[in-house]
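Chains here go by letter, A, B, C and D, matching the order in which they are written, and residues are numbered from 1 within each.
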């Protein structure tokens, strides 16, 4: 479904991603783990057209999207839940969700939008309760749910999540990952970028490890979980966190 | 380390070369406009420090130019001979602060000596810049732009409303400013070459000062303020104080230019205090490159010279606007950073993107 | 007599305020979607007035105004497409300077197109001397027209931004451009649209105030400075606040004339406004959160 | 290295610019005018007039067989630009004489420069200080505000007015008029109860009008050249003031009367006879000058003639006559200008002398009013 080949991205003269290649197949949950500053967010922003690659190709459903503007990429079915949620703070929850459905409205699928809305409310009952509350007044976890809901409203065939667990309480993180897993079960394709490597690998089919802008390891999620080096470098902290 | 002195030397050489060239081609009258352009350049490099290095915009810098110019103009033209008998005045006259001279029509008048007026102008500028700077520099972004614009508006309307400042007519018959025996800042053609060198000497000294400042500890502090104020604060840089000092310094540059240009022109008018003038200063800094003192200096010299010579006739503003847009579109880092290849490439890419 | 005078000055202040407010509103629309202050806003006002006068030579007034609004909207859209649209992540200061350049070009263009002469539209109702008298206080009907149009524009804008999909999309752009793009919203079109809308509002403002202020090629800069002032003072991004700040500035000016020499009007009103700004650095009606978000 | 290249390029540009322009046996006349900017109401018609006249003169073979070369410099009403241009014209173009500037402030800024450069300056601005005290090379062709003010005051006397309100704009024109009003009012037994200066770009003046209303004056005098002068009479009438309104000679441009519409009716103002050229009796000395200028200007530029363009006309005519008489020696021409007698121009009949470099008297003005949207003599 998504094929990234030899991607190079730079901010000015500072090169961030080097010859990066990865792919996501239909119906997979793929996770990219890596430390702060490894280039995870840059990668997702480049795939969605918020950043321009210097070279390399990004193909989504067999179509080159590397030079398309963000809105066209989104309308082709590739959605991103951005880092730090980025909800429209001054608007009510419902409006946030409806804005997420922009591409659906444009296709004239009014009916589906309302069906999707009900589905999101089913997925995140708390959003239904807070339907008319301003998004900025929600708690962090609720905002994350809203951001995911908003991305789902576009009816994407691939949903990418950028650090959905960041800054959230462990209990809520659990909820969020449960939701992601459920999305996978329903046949959705997910690309999940996480620092919280253990939780991410537990729900993923495959994983990539990103270090300093390069993919250093890839493989089935269970293999990665069992990999010693990964355990040492990325999972140690998690163990402590989960024992708490 | 020595690179900056190489640049200063190059500037000095260029200044001399221009003079020799004009002398060789018999076009010495160009020096008149070059001198005036030099004074405006002094304002603009000061503003460049404030905008490019401390990251603070000022849409009211013409106000400081006017404070300098008007203070000097008023003090050196108001005739105090009627109060000659008053003890305070006679004391000042004896101490050399006041000076007698003949006016244009042969009458004898008693006015403040230009040097005293100059010091006075500096003091007023520093005080005003301090009083304005303290509250204004707490603001950011558009609010800062608005507040400095407001300051400029106040100065402009005060100048325009006060008959002591000549209201709309401004002040004329400002005397020469004696520098050394036989050398004075004045518009007379006999002193043209000397005045050209004096104006550009001020610019050179001003540059030297700024360059040293930028490369000093203060300069690093300024850059960190520009980068991120909160971070600078965390690093122990007293951002507010540095900003204020920079603001005052750039105000002083403007005021010094105002004083000398007023003596050179023999007068000053309210147009020197107008908002459009401030906007022009900001625009030239932007065209020259916000973080580039040299680019700013060159653009200021060229644009002011061309404008003062009236090369563009009634299209002066239109040409200026076009240059402004062109530079901002194609070389936002200033003219010195223009990179044609990447530019063309970018345009083609954008076109393709739009077409897709 | 005192009360009568008081209200007469108040009416004068409202007249000034209305003029400033209708210009200030335009600033907010572009600010809202792009985070930039468009200094060519005053030129939209001028263009609207001048075009309407030219069209009125052979069209009835309502059609001339509609035509002028459309022409100016086209100019606004064109400016965005030519000068702003294709820039990759321009800084705010760069865009501001571009708009200053654009304003100079429009002004010069108008000078060479229309000359330096003054024009004005006829009064919508009555003529140059007619006034409506309420208890000894007299007000020109055109002032009421301008007030009415300002009120309707603010109302329509509020409805547009809060109750239409397009309006919400523009607000989404304003609140977070990346997030809006991630919703599939074509953000660059929204920016173009904001230029079109604010050009239209500027032109409409130019038409309704034209009988009061008259129109000349250079009128834009002065209006832009006042409009910018009230847009900032109200608290950027809020049209209602701009109207409020417009009235405050107008009334301040008017009452300063009552007690002080007129010549110092600007100095006095701006000094008071600056004092207010220092006390509330995010604008009179703005919240400090919003002010901190947008910077150069 | 790059910077050296740029410096070199700059030097190169300067070198190219310094190439000599083609020289021919012409009479060079410089014009320093505010063609654009805030005083374009003055400068634009002045520049157009000069352009038209020089074409005319050259079509007839020039002055004494020499073509006239006109160099117009646009100051945008900035004194510093006027200074730069005046020096340029004198030092570099070696012009024979300078016409302009349009405003008093600019004229005062370059008065010294003309004196030092021994170049005739024919200012189109009105302020008394330009020629008082007299500077040898500086003349002015615009009638002094003093005569306009006296004319207004004598009209007031006839109407029994003793308490007035004064409004003026913050321009050189407004300031000069205000000063004359303040100076002459006591001599005419007139008291000024309100004396306000408004901004030249004012868009509404209701508050100023209210201040006038509150003062219970018998008449208002407004002194400006900007569009604000039409706005102010509208505002005065709108708030219900019915007292007589006097305007300065700056009102003598029909576009202001048109802009003020019904409010302009009955406004009284002194103006040169140019604006009522059509109704001037055939035997009037100025008839020929004003009629031909008005016709030529209005045919060529398709706009109404204004007295300011007339000042440029008068300047060039005075200069041309003097050159015809005295040849191309600057000093002799200066003397010839000073010796001009009984020359009928658009602003009046000029008679200069060593002590009078304005050459006009109160006769330059006639009291006009607006009747049915047209200028007409105040008394029938």
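Please note the rule applied: contacts are C-beta pairs under 8 Å (C-beta built on N, C-alpha and C of every residue); 3 or more make two chains touch, one makes a residue touch a chain.
All values derive from a computational prediction rather than experimental measurement.
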item: Chain nearest the overall Cα centroid; value: C
item: Label of the chain whose CA centroid is most distant from the centroid of chain C; value: A
item: Centre distance in Å when chain B and chain D are each reduced to the mean of their C-alpha atoms; value: 33
item: Euclidean distance of C-alpha centroids - chain C vs chain D, Å; value: 35
item: Whole-Å gap between the CA centroids of chain A and chain D; value: 73
item: Residue list for chain B, restricted to those that touch at least two other chains; value: 157, 160-161, 314, 317
item: Residue list for chain C, restricted to those that touch at least two other chains; value: 88, 111, 261, 263, 265-266
item: Junction residues of chain D, two or more chains touched; value: 36, 170, 197, 199
item: Chain D partner contacts - residues on chain C that touch it in the complex; value: 1, 5, 8-9, 11-13, 15-16, 19, 111, 115-120, 122, 127-131, 133, 138-140, 209, 212-214, 216, 218-219, 222-223, 253-254, 257-258, 261-263, 265-266
item: Residue numbers on chain C that touch chain B, as the complex places them; value: 37, 83, 86-88, 90-94, 96-98, 100-105, 107-109, 111, 221, 225, 228-229, 232-233, 236, 261, 263-267, 270-271, 273-274, 277-278, 281-283, 291-292, 294-296
item: List of chain B residues in touch with chain D within their complex; value: 7, 10, 14, 17-18, 21-22, 25, 27, 29-30, 32-33, 36, 104-105, 157, 160-161, 163, 166-170, 172-173, 187-189, 261, 265-272, 294, 298, 301-302, 308-311, 313-314, 316-317, 336
item: Chain C partner contacts - residues on chain B that touch it in the complex; value: 55, 57, 135-136, 138-143, 145-147, 149-151, 153-154, 156-158, 160-161, 275-276, 279, 282-283, 286, 290, 314-315, 317-318, 320-322, 324-325, 328-329, 332, 346-347, 350, 354
item: Footprint of chain C on chain D - complex, ascending; value: 36-38, 40-41, 44, 170, 196-199, 201, 203-204, 206-211, 213-214, 227, 230-231, 234, 237-240, 255-256, 259-264, 303
